[in-house]
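Per-chain numbering from 1; labels A, B, C and D assigned in written order.
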Amino acid sequence: MNQTRQPIRSGMGRSTPDQIFVRGHDLVQDVIGKLNLGDMAYLEMTGRLPDEHQSRVFNAILVTLVEHGMTPMAIATRLVYLGAPESLQSAVAAGLCGMGTTFAGTAEGAARMLQAGWADNSSEDADALARNIVADFRKRGLSIPGIGHNLHKPHDPRTARLFEVATEEGYAGRYVALMTAIGQHAQVAYGKPLPVNATGAIGALCCELGFSWKAARGVAVIGRAVGLVGHLVEEQANPIAREIWLRTEEEASRQDETAVDTGR
Amino acid sequence: MNQTRQPIRSGMGRSTPDQIFVRGHDLVQDVIGKLNLGDMAYLEMTGRLPDEHQSRVFNAILVTLVEHGMTPMAIATRLVYLGAPESLQSAVAAGLCGMGTTFAGTAEGAARMLQAGWADNSSEDADALARNIVADFRKRGLSIPGIGHNLHKPHDPRTARLFEVATEEGYAGRYVALMTAIGQHAQVAYGKPLPVNATGAIGALCCELGFSWKAARGVAVIGRAVGLVGHLVEEQANPIAREIWLRTEEEASRQDETAVDTGR
Amino acid sequence: MNQTRQPIRSGMGRSTPDQIFVRGHDLVQDVIGKLNLGDMAYLEMTGRLPDEHQSRVFNAILVTLVEHGMTPMAIATRLVYLGAPESLQSAVAAGLCGMGTTFAGTAEGAARMLQAGWADNSSEDADALARNIVADFRKRGLSIPGIGHNLHKPHDPRTARLFEVATEEGYAGRYVALMTAIGQHAQVAYGKPLPVNATGAIGALCCELGFSWKAARGVAVIGRAVGLVGHLVEEQANPIAREIWLRTEEEASRQDETAVDTGR
Amino acid sequence: MNQTRQPIRSGMGRSTPDQIFVRGHDLVQDVIGKLNLGDMAYLEMTGRLPDEHQSRVFNAILVTLVEHGMTPMAIATRLVYLGAPESLQSAVAAGLCGMGTTFAGTAEGAARMLQAGWADNSSEDADALARNIVADFRKRGLSIPGIGHNLHKPHDPRTARLFEVATEEGYAGRYVALMTAIGQHAQVAYGKPLPVNATGAIGALCCELGFSWKAARGVAVIGRAVGLVGHLVEEQANPIAREIWLRTEEEASRQDETAVDTGR
């Protein structure tokens, strides 16, 4: 017998023959018919029921994350579904695997930067703090998470709306202020439009709601899982994966010299 | 050039520099701050905004699916996170892969059974239809999806609540009637309590909302993705995966003869 | 304490400070430098070291499964790697998820058909058995696993080679005979070339080596995992995922009327 | 039409009606019956057939990676299989997702350290280089990849055997020398046994064979995929996932105060 054995405990869910508890709340009495899915996600992640303000801000974050068009993850999900239509869940899983540093790490990175910023600094001055953060990222040659966008410039329309909702609900505090200030200082430092983008806004609002930066990627996963299921429902009605596959296979295996010579 | 090339089209999402559309709806104007995550899932899957009745029924389905305690999928998600904490999304993906026929196929199976039942039959009589369905499953030696539960008997408390919400919102129609009748006939045929369980109720309500049975597993995936993220947030604060691993490894590699004699 | 607790035992691997055992064999003394990867897979799956005949047949199966060009799974793997280059393992995982019924289930299906054929029938006559199997599949309207190929006709060149290797090693027994006879009867019954394809040959050889049909998909997974890693190494040197994504995204979000008119 | 479009090319695989080419080699003539799976992996990853020396070293690496007993990944794979036995491939995928920084990143990390070491330094002196590398890791407070082991001390028996095979085949060059020297200097610097472990040896041998450190994780994925399939074949014959699940669920949902008080 291992003497150092630790107990295994969890407060997520528990059942008796006639009751089910989710994080201490009675599923039948307090949840079904009363909470929406965003509120339920809040309960799962925090152990607390959101008030109406938290509910509106958190649902605003979540709905923003759902749909980003034909991303690499959405295409991968559709291709995997083509191969294994009996396992819809695995097709969603395959797409989720692609939510790494390239596309999905930035909300997490923004949240981490903001939490580190306020944690390391006793100052109440978001502007000074932002200046230091921008200078530090520049010095280390790293790109600043949560600012800049290929398409949405000079402004990301989602950011203004998310911050507006947060302001209406009393959740536009020091993290929103710091993220905004970072965008402004970056714009000056780099001499080009670097708007706070949607992932920057989401990172800031996750902080305002009290989430750890480590949980921010989980929030993104929830939103994206909804979106990938949506893509599969469209794929069921209007399949495109086979065409993407066949075109790619045909072109990839071409042997004509001109193409190889010129690189087109 | 391939002459039979098909166009690749999608109506999921589309962006211009200052607008983002999700299934034709303006994200900033119509979605953020207005829809909750369940409504957004409805929009993604159907292309339509839910009315307040559809919203309440669909959110009731979704929140019921989120948390089922320490399932094999939740344990797998935690173990994978232990190995790859830098890829939270892959840990959720790993758990989702386990949503197959054993646990998660039943809502889909129930929806399929109900849709086939009403499609194959011109009768308006749910009771006669249910009798035939039960007899057919018995004859083929197959278990009927959506009825019976190990723990929740004689009644699954979630079923009554889900059907209550559906009734309040005007969505307890012929699929709810058929599912209920199937439970009653099964109970008589098998001579034991076989309550309509939560997955049977969810299958019926997916039908009432107009979803194809093929989409029902997608609804389940959305709910469970939220739950698995919840488990990872608990794992971050109160890790148990390492203990599960070490205990299992220790016991699995034991070489004592008595255990080998009796164990396999 | 749960009275019905079962022991947890495994014979896969075990370590002491100076020895490692894999299925009872000393890794350092008996495996490293002596076994090739195919032999090791045989040891893992059967608990026995292959003799030279089994080694050659099993390695022939495995190498045939590795590379099938730009499949949907290979494309999905590359797209997921684009999103999460820090998690190469998850990109391989994503592609493996697509090895379902559409592409990868046929070796398993062929093995199952062949094992059921000989198990259900006391006859030693592969020809009569094959006739019955073909007739039965036709009657039920099901396609016969392991025969027919879009491109490789009238013969799949891999089949002849795999059966040649099996013959040389003394492993072309009743399963190879039955698979061959099924191909011949199917050709007559359907009046078109229906050669035994590579998956049919692999299914037959898995049976000859004594694998359960349930393990056949595992053999395919091993081969394909090697292939997907190969695709990622090419993707690292010569990336194409970004181009596939951008072209698909651009075309999918086009709004021109002609395309919409004809496309859906 | 996008003017900046790049061609999509791949040299992995290509087929005609009667021939299949893998990285330019004829599958039927040159591969089936001639190459073992490790050789095939080498061909896939490098585009070249290995000579007998490369074959022995690469297969030695691969077989070492296959089986590590009841790891978190092996347990996760078994649990996912319990939930989705119809999707064996997804269960393997789930386990692979756990091959991240905690367990599997070290071979990659060792290879990267060794390649950076020789790249940054014109010296031919492995000893001086090793001293600098150890000092640099200590200064930055980072653990050195590829050295130290919980169980296998003072020596990891796999390392000696892998380096022995490499020496026999003429592949124990400057990377093996550097890895060995790093182990020695670390032992002095930290004042405790820090043997080069199996992942350090594998990282060094991947470098000797000319693999980029970016490919090293792919080599590990190949080995581990074989091992996870092995675990599922054992699970089919001797299932343990259900027991792991039930024990964990039971203990996790216990509510008794004594357990919480004492931590057992």
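Miscellaneous remarks
One rule holds in what follows: a residue touches a chain if its C-beta (ideal position, glycine included) is under 8 Å from a C-beta of that chain, and two chains touch if they have at least 3 such contacts.
As the structure is a computational prediction, the values presented were derived from the model and not from experiment.
With contact taken as defined at the outset, chain C and chain D are each touched by A, B. Centroid distances from chain A, each centroid being the mean of CA atoms, peak for C.
Rounded to a whole number, the gap between the C-alpha centres of chain B and chain D is 36 angstrom. Here the CA centre of chain A is 30 Å from the CA centre of chain D. In chain C, the residues that touch at least two other chains are 6, 8-10, 13-15, 69-70, 84, 86-87, 89-90, 93-94, 97-100, 104, 240, 244, 248, 252-253, 264. By the touch rule above, chain C contacts chain D in their complex via residues 2, 5-6, 8-20, 22-23, 27-28, 31-33, 35-41, 44-45, 55-56, 59-60, 62-64, 66-70, 74, 87-90, 92-94, 96-100, 104, 151-153, 155, 157-158, 160-162, 164-165, 168, 212, 214-215, 217-223, 225-227, 229-234, 236, 238, 240, 243-244, 246-247, 250.
Against chain D, the residues of chain A that register as touching in their complex are 5-10, 13-15, 84, 86-87, 89-90, 93-94, 97, 248, 251-255, 259-260, 263-264.
Chain C makes touch with chain A in their complex at residues 69-73, 75-76, 79-87, 90-91, 93-95, 97-104, 240-241, 244-245, 248-249, 252-253, 264.
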